[in-house]
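As structure tokens, the structure follows; a few thoughts come after it.
Chains: A, B, C, D and E, in written order; residue numbering restarts at 1 for each.
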Amino acid sequence: MSDRFWQQAFAVARRDLDRERRAGEVTWVMIPFGAIALLLVPLAIGINQDVLSRIGTGMLFVVVLLFGVLTAVRRTSIETPEQRDLIALLGIDPAAEFTGKTMASAFLLLVFQIAMGAVALVLYGLDISGWAWMIVVMPLTAVGLAELGTVSASVAASTNAGPALVPLLVTPLAIPLLLAATQTVESVDREGGNLTWPVLMAVVVLVLAIVGVATARPLQETR
Amino acid sequence: MSDRFWQQAFAVARRDLDRERRAGEVTWVMIPFGAIALLLVPLAIGINQDVLSRIGTGMLFVVVLLFGVLTAVRRTSIETPEQRDLIALLGIDPAAEFTGKTMASAFLLLVFQIAMGAVALVLYGLDISGWAWMIVVMPLTAVGLAELGTVSASVAASTNAGPALVPLLVTPLAIPLLLAATQTVESVDREGGNLTWPVLMAVVVLVLAIVGVATARPLQETR
Amino acid sequence: MPASDSLILFEGVAARIGVATILRDVDLVVVPGESVGLFGANGAGKTTLLRVIATLLRPSGGSARVLGVDLASQDRFDIRPRIGLIGHKPALYPELSLLSNLEFSARIAGLDLRLARKALDQVGLAQAATRLVGESSYGMQRRVEFAREIMLDPDLLLLDEPHSALDPSAIELVEHIVAGVLERGGAVVLASHDVEKVAPMVTRTAELAGGTVA
Amino acid sequence: MPASDSLILFEGVAARIGVATILRDVDLVVVPGESVGLFGANGAGKTTLLRVIATLLRPSGGSARVLGVDLASQDRFDIRPRIGLIGHKPALYPELSLLSNLEFSARIAGLDLRLARKALDQVGLAQAATRLVGESSYGMQRRVEFAREIMLDPDLLLLDEPHSALDPSAIELVEHIVAGVLERGGAVVLASHDVEKVAPMVTRTAELAGGTVA
Amino acid sequence: MSDATRTRIGALDIVATVSVVFALVFAIASPRIESQGEAARLLFVHVPTIWLAYLAFAVTFVASILYLATRRLRWDHVAGASAEIGVVFTTVAIIGGMVWGKATWNVYWTWDARLTLTAIMLFVYIGYLALRRVIAEPEARARRSAVLGIVGLVQLIPVHFSVTWWRTLHQTNTFRPRDIQMDGPILAALLVSVAAFTVVYAALLRHRVRLEGLELAAYAAAAAPVGPVAGDAVSAPNIGNSGAQP
């Protein structure tokens, strides 16, 4: 991974974050929308505080999954055909493009998770003991979801259905990741924490990174 | 409401449904995504079948709300500035445009609800007794959500934040509607059904229709 | 006849987008049968002026009348169907076919649907009627826009760079459309950069610079 | 020198989009220093041919070599940075400023960022550098595209309707850019409908009709 | 600062300050509710603020309708200012309720229809304010937010009736017509507090409306065609000196 690689990756990440900053989709849509979802579910299913603090972590990650997937298809991550042609002709290393997009998405997902975590902590009165693990789990979840989103988006970009297909591709794939995240945090309560789940997550994240980098070129080649 | 009015309204509805048919966002994104959400929540919060059949109706309507809101901002309901200019110059009656858009959205939302209802019925083993009311509740929910979505979309259209703001505007407004829907179905179990809730919904739907039609022109006038 | 008969009567008109001033102190009079070529450097405000005339952007100052109606009044909505505008970017739905796009306009305008097919035939796209806009070449999309104006038959036709992407045969068509509007006592304003090409279609020219018509 | 020295060497090339055959049996040879004007009716396939040359659409038949590389081979990725394309629609990010758009291209291409500002200055947009693309006129957006090609300095420049939306002073700029590419032994292919305007920039013309170069 | 833009402390502001002090005295002097402890004095903040929020949103509703009927921007200013104050009051009421809840229910937040719906009402009007923020043009902002100001009022109904419609932890509505269940002195202190907050609302509204008027004037002043024109930023290409190619 040369200097050139990282230069391109950072340029892509910066572009995505700049575009997001102007559009404010994460700030103005995903975070409030996610907060409303966290607020609404307990009301709708009418459960009490005890149950809530037990299932809270699970709910948190469901929301992170469902709305996190939407980051991958946020308006500002979608490129027009003209923009895609331009990028190709600029001679981008497809792996660097994958890396840059993933970095930007992961950053946004991390912000989203922290916001949701704060809301869940206050609303659900979660037990804070397992939350030290959050420092490990949240970034892993963010990167994993971002990788899945980026790969799915570039797979879908080469079909007619376009970005519409992405959530459908990502969500089922992301479920194991989210289950692992939930387990990490919850297992702390039961067994005082063990490394199985976070290590499993780290492995998945790594495998996805390898898959993403390796498939970046073949995916671009269809064009 | 003249012939001209309905002709324009139907033309708009037809355009929206045609665009949606090509893009397939409801079929390919919202329905599978909603089904995954229905599947995922019980899994993540680990509750058993008994509890599930109790909270099922609530969950169903939460999903209808959260994903239904996305209908209002589906890619094919968003117009470019050029398309909006064209519509304005064609001399459309703004109230007819509101009506047409609402009809198309309501139809899509009804389809979405039926699909979600079927999934919830199977997954959650819901008690079918209260469901006769669904025949009344689902269309009311669909129309009400569609009205809110259309109003919010035209309120937010052509602002900087644009469609990004719509979910934030619609979701909180739609919550009373969804709560009423839940109550209708659930009150059947408790009290054998009473008309208060559906009548309340019908009133809200009617009020929103009046507001939508009455404010359509002032909203267009800023252009 | 005096100015009261003018189709466009602008006096000291100013226009802003957000906080940016784009036009100021624009005077422009266009009478029936007139076709005005609007010139000016990139970014001079031609597109903005056309949108003001089309009632789509409200002037922030001055007195502006179009088709006898004050643009500050509510009546401006009544004249919209009599105005046709073709802008830089096609106002078409890419997911719909060329014909469906025209039929949609026809339905909203309350016209016979057969006019849509006829107009498409006139711009030479009869064979491509069922093709999606998204699968048509750029020039074909522009032709569809002209077909729409043929169908809608406006009294005031506003064209932003009418020549771009049109092949020579299609340009003849544009000249034909412009002539038709003028014959029926309408008026045309067209923004362009190409004095020569535009010459056969205009009766006079105006230059936009510094936000105002020189 | 024989054809092996050609920058573009197409023999019986065919191209399809989906199931539709757009080009068939296209023969085209372009040597260094040559500038070819590509003409043809709307929908003839000019844009499609330019995209094939740019390696963005793979030919479905025939033998196609560009910059010495077979378009069917994996090597085509290596020549992409040496090709510049300006299409019908601006390839810009509307949420970014004019300058940021150029700087993004510069970063990806591994160029000095100061070149971006210099190129913007050359197309006359230095004052508008921080303006968002979405808040710039169409002609300003087109100018930014030319600024990008000034900065990237390609060996093979492909232009789709270079004149549209440019004012006369900007058209001189295009002629200047084309001349620069040719001087350095590059080649230019430009699609257009305007024989006269294009004349000063081309060394010869080719006509597309019926999916092939006549 | 010109005279027009200077903030003037009016009689209303003085009355507002005095009445708040007065209400405070009443609140402290009111008898202690034995079952609840000192935290119960939050009643005198929690209840008046939420009621004033209701009033504020109702004013937004009425002013929005009046704007659409008359097209006078003054009404839009009233609507916007009132919603802003309503959001502040709702926030105060929720925070007060949360602190009170910690004292009586031992949690800050719980899954209760009234609490949730109150939070959602807050979101509706935050959305309203967000919308106002993203539209620069005064007329456009007025029309668009008026529509939302009208639709938004629907939200108050479920908040108010939530305690009756759902079995909730939250206190049921005490103030039903002809059936007030509250001790005299406490009731008196509450009414004084409500009155005080009403004056505060009126004073804040007056200032905010004036400020909106000033903003409009500033916007109109910027519209005067004196500054540079957007098109001036574009110049002829600069190809003579350096040349396009190195």
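Criterion: contacts are C-beta pairs under 8 Å (C-beta built on N, C-alpha and C of every residue); 3 or more make two chains touch, one makes a residue touch a chain.
What you see is a predicted model, and the numbers here were worked out from it, not measured in a lab.
Chains touching both chain A and chain B: E. Steps from chain A to chain C, taking the shortest chain of touch contacts, total 2.
When each chain is reduced to the average of its Cα atoms, D sits farthest from chain E.
Of all chains, the one whose CA centroid is most distant from that of chain B is D. By number of C-beta pairs in contact, B-C leads when C-E and B-C are compared. Centre-to-centre spacing of chain B and chain E amounts to 29 Å, using the average Cα coordinate of each chain.
Remark: chain D and chain E have CA centroids separated by 56 Å (rounded to whole angstrom). Separating the CA-averaged centres of chain B and chain D is a span of 46 Å. Note on chain placement: the centre of chain A and the centre of chain E lie 36 Å apart, centres being C-alpha means.
Residues of chain D in contact with two or more other chains: 89, 128, 137, 140, 143, 169-170. Across the assembly, chain B contributes 23, 161, 165, 168, 171-172, 175, 179, 221 as residues in contact with two or more other chains.
Multi-chain contact residues of chain E (touching two or more other chains) are listed as 120, 123, 130, 137, 139, 231-234, 236.
This structure has the following touching chain pairs: A-B, A-D, A-E, B-C, B-E, C-D, C-E, D-E.
Partner chain B is touched in their complex by these residues of chain E: 68, 117, 120-121, 123-124, 127, 130-131, 134-135, 137, 139-140, 143-148, 150-152, 154-155, 157-158, 165. Residue ranges on chain D touching chain C, taken from their complex, read 17-18, 20, 40-43, 47, 88-89, 128, 135-140, 142-143, 161, 163-171, 193-194, 196-197. Note for the complex: chain B touches chain C at residues 4, 7-8, 10-12, 14-15, 18-19, 22-23, 76, 80, 82-83, 85-92, 220-221, 223. Per the touch definition, chain E reaches chain D in the complex via residues 231-239, 242-246. Across the complex, chain A meets chain E through its residues 28, 32, 36, 39-40, 42-43, 46-49, 52, 122-123, 125.
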